[in-house]
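Naming follows writing order (A, B, C and D), and every chain is counted from residue 1.
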Amino acid sequence: MGPISIISEFPEWLNLLIAFFIGIGFGFALEQAGFSSSRRLAGMFYGYDTTVIKVFFTAAIVALAGSQLLSFFGLLNLKLVFVNPYYVNSAILGGIIMGAGFIMGGYCPGTSISALSIGKIDAMIFLLGGMVGAFLFMETYPFIQTIAMENYKGNMRIDEWLGVSSGVFTLLLIIAAVAMFWIAELAEKKFNRPDITSDI
Amino acid sequence: MDARIKYSLLLVGIGIILAFLPFSATDSFRLKSDELLSKSTSAENSLSVDQVARMVNKEDSTMLLIDLREAGQFKECNIPGSINIPFSDLLNPWWEGTFNQKNIKKIFYGNGDQTANCAWSIVTGLGYQNNFVMKGGLNEWFKTVMLSQFRGEKITPLENALYEARFNARKAFTQINSLPDSLKKQYFKAKEIKQLKLDGGCQ
Amino acid sequence: MSQIRNLKIIILIIGILLVLVIIRNSDRNVFKEKARTAVEATRNNSNLITLNQLKKLTSPYLIIDIGSEKRADSLQFQHAVKIAFSQLLDKANRKVLDEASGELILYADDIATTSRAWVILNQLGYKNLRILTIENSPEELKYKFQPDTTARLEQDTM
Amino acid sequence: MNPYLSGILLGLVLLAAMFLSGRGLGASGGIKDTVVAVVGAVDKQHAMNTPYYSKYYQNGEHPLKNWLTLEIFGMVVGGFLSGALSHRLKFKIEKSPKISNRRRLLFAFLGGLFFVYGAQLARGCTSGAALSGMAVLSVAGFVTMAAIFGSAYLFAWFFRKLWI
């Protein structure tokens, strides 16, 4: 029964080893998805390449459905899986800042690491900028502390919030995702940019 | 056939199964019924009031007393070192970190035996470990620890130790519960146990 | 036909999943009720029934005596089904519980035992389940705490 | 690789993280830990006095000895393996041919700065908050995801010269 490292109280080194192997899988999957290319990632926002939305939603749904099935078969205790805390203001404000960073840099932190590993120099600079960003955040933390802590809602789950069962919510999410995949492929045809897509 | 349609069909199929799952495991007991039954029949998970009194005297840090009565009753009197989780609030996600501590003995009590044993069964059924019940509840505590007097001619050393433990627990109980409310609050704040936090996210 | 051949793997995955779900659902040892139902049914001790109430009960009921081994014969209930608590979930006993009509009244000398049995049966989906109690209100504090107004908290216990 | 198939692969990795360690994936947290370690090495006094750093030094452990940092080391290895398999290993600056290298690198730097700053504020980036959050049905995950993509679409028009 999982989560294994919590239930069986793994020693720290073993948990860190697991982290390393999970990281290998994560980096491999991101690179295989083509996320090591900033122009492909940016294509999401200009319509010529919509890989991002396909990979992102498929991954989220697979993990979501998989965890619920594991829980149904008594193999995973979802109560012991971390649920991100919901700070309304900072989630929205942080998301907006991240969106701006995304379109400027063409990467997000995870994809920049995978791009760095195959030698993209712009990804290295992006990461350098990221480290400066983290440094600035920590130095300015006293000033934005109030924003960061405002409007705390706890570890809120969306199915409880909407009052539907998690399975029904997952189905709704899947239907929305399938519709988005369809629109995405239409967009790819409409905003077709062979000069860029052949390049990446 | 188009890859998109294939994968869409797969996802929708799984989604439909999920939406119609006959029961949601996250809301149900984790243990199987025979496992819970064999735990329920074992006598090891109930403690006598005298055992609890000794732990209170020692200020045992590996145990946590959980008072299941409503807040009003709890405020009136409770065993020193207990926290209040009203029975109706038992499944509040807030308490997950409290229950989910394997190394801490969680001792449930109410006024009688019924609420405490229900709570014990529910918490144990949900998969949390190291749960106990204080046998007889507060009624038994009052009868044995608070009000019993030694009657007899000669006291054996064993009895002497027992009555001394009861006396000390009685003293602590009276002292804490006689405090004015503001001081009591401070006392509980100091007693608040650190909840187990799950690790995750990018923090 | 060629369409279906294309979808072979997908149909296979969904089919296997469906079979696994059905197998899991037919396991009678798995608790399927929401834990919340137990908390709600126990609130205000509404799952208790006293002897007087039982005498007045007109609808059919069945007393399940789950702690009868140590009791003298004169104290046994008449017409009660005797099941040892540890064998509560044996196949034969579950058949008795399934086939009973009307309310199931659990009884044992110790209300701790009945409470635990009650939670198990409630979570297995048995409805109309109550605990017989000899005392009228077992969950009431029979004592009143007498504060000691001279008590002062010592510095070191803070 | 087919994007849906690689999505399933990524989802399985995330599921494995949840099943094995009870947590989601993350990237920006590891970047922050690296910065904490650097600051600690350069100016220990400052790190101890600033509230945000000091909590990383309180328990006496090295800030790099944690789950996220190890995961990031793994990511570099995994990305390298995948790149080698698909013959994509090459040092280059990826950009639109219409802009200069300098401009691309400047905006990459700014992008990283903004992204990680925002990620610290939102307590996670696209992987840590949005993807992992959605997989556990956290409201925070959905809100962060909507905010990231919404704002990126909003700003896309201003930065279109960089890409198309």
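Miscellaneous remarks
Basically, a residue touches a chain if its C-beta (ideal position, glycine included) is under 8 Å from a C-beta of that chain, and two chains touch if they have at least 3 such contacts.
All values reported here derive from a predicted model rather than from experimental measurement.
Listing every chain that touches subunit A and subunit C alike gives B.
One inter-chain figure worth recording: subunit A and subunit B are separated by 38 Å, centre to centre, where each centre is the mean of the chain's CA atoms. Annotation: 19 Å between the Cα-based centres of subunit B and subunit C. With each centre defined as the average position of its C-alpha atoms, the distance from subunit C to subunit D rounds to 49 Å. Taking each chain's centre as the average of its CA atoms, subunit A and subunit D sit 9 Å apart.
Each of residues 6, 58, 61, 69, 72-74, 78, 80-82, 84-85, 155, 166, 181 in subunit A touches at least two other chains. Under the contact definition stated at the top, the residues of subunit D that touch 2 or more other chains are 4, 8, 22-24, 27-28, 32, 67-68, 119-120, 123-125, 128-129, 132. Among the residues of subunit B, those in touch with two or more other chains are 4, 7, 14, 21, 23-24, 126, 198-201.
Contacts between chains form some other arrangement here, matching none of path, ring, star or all-to-all. Note for the complex: subunit B touches subunit D at residues 3-4, 7, 198-203. Note for the complex: subunit A touches subunit C at residues 69, 72-74. Across the complex, subunit A is touched by residues 1, 3-4, 6-25, 27-28, 31-32, 34-36, 38-39, 50-53, 65-68, 70-83, 86, 88-96, 104-105, 107-156, 158-160, 162-164 of subunit D. Those residues of subunit D lying in contact with subunit B across their complex are 2, 4-5, 8, 22-24, 26-29, 32, 67-68, 119-120, 123-125, 128-129, 132. Partner subunit A is touched in their complex by these residues of subunit C: 17, 20-21, 24, 30.
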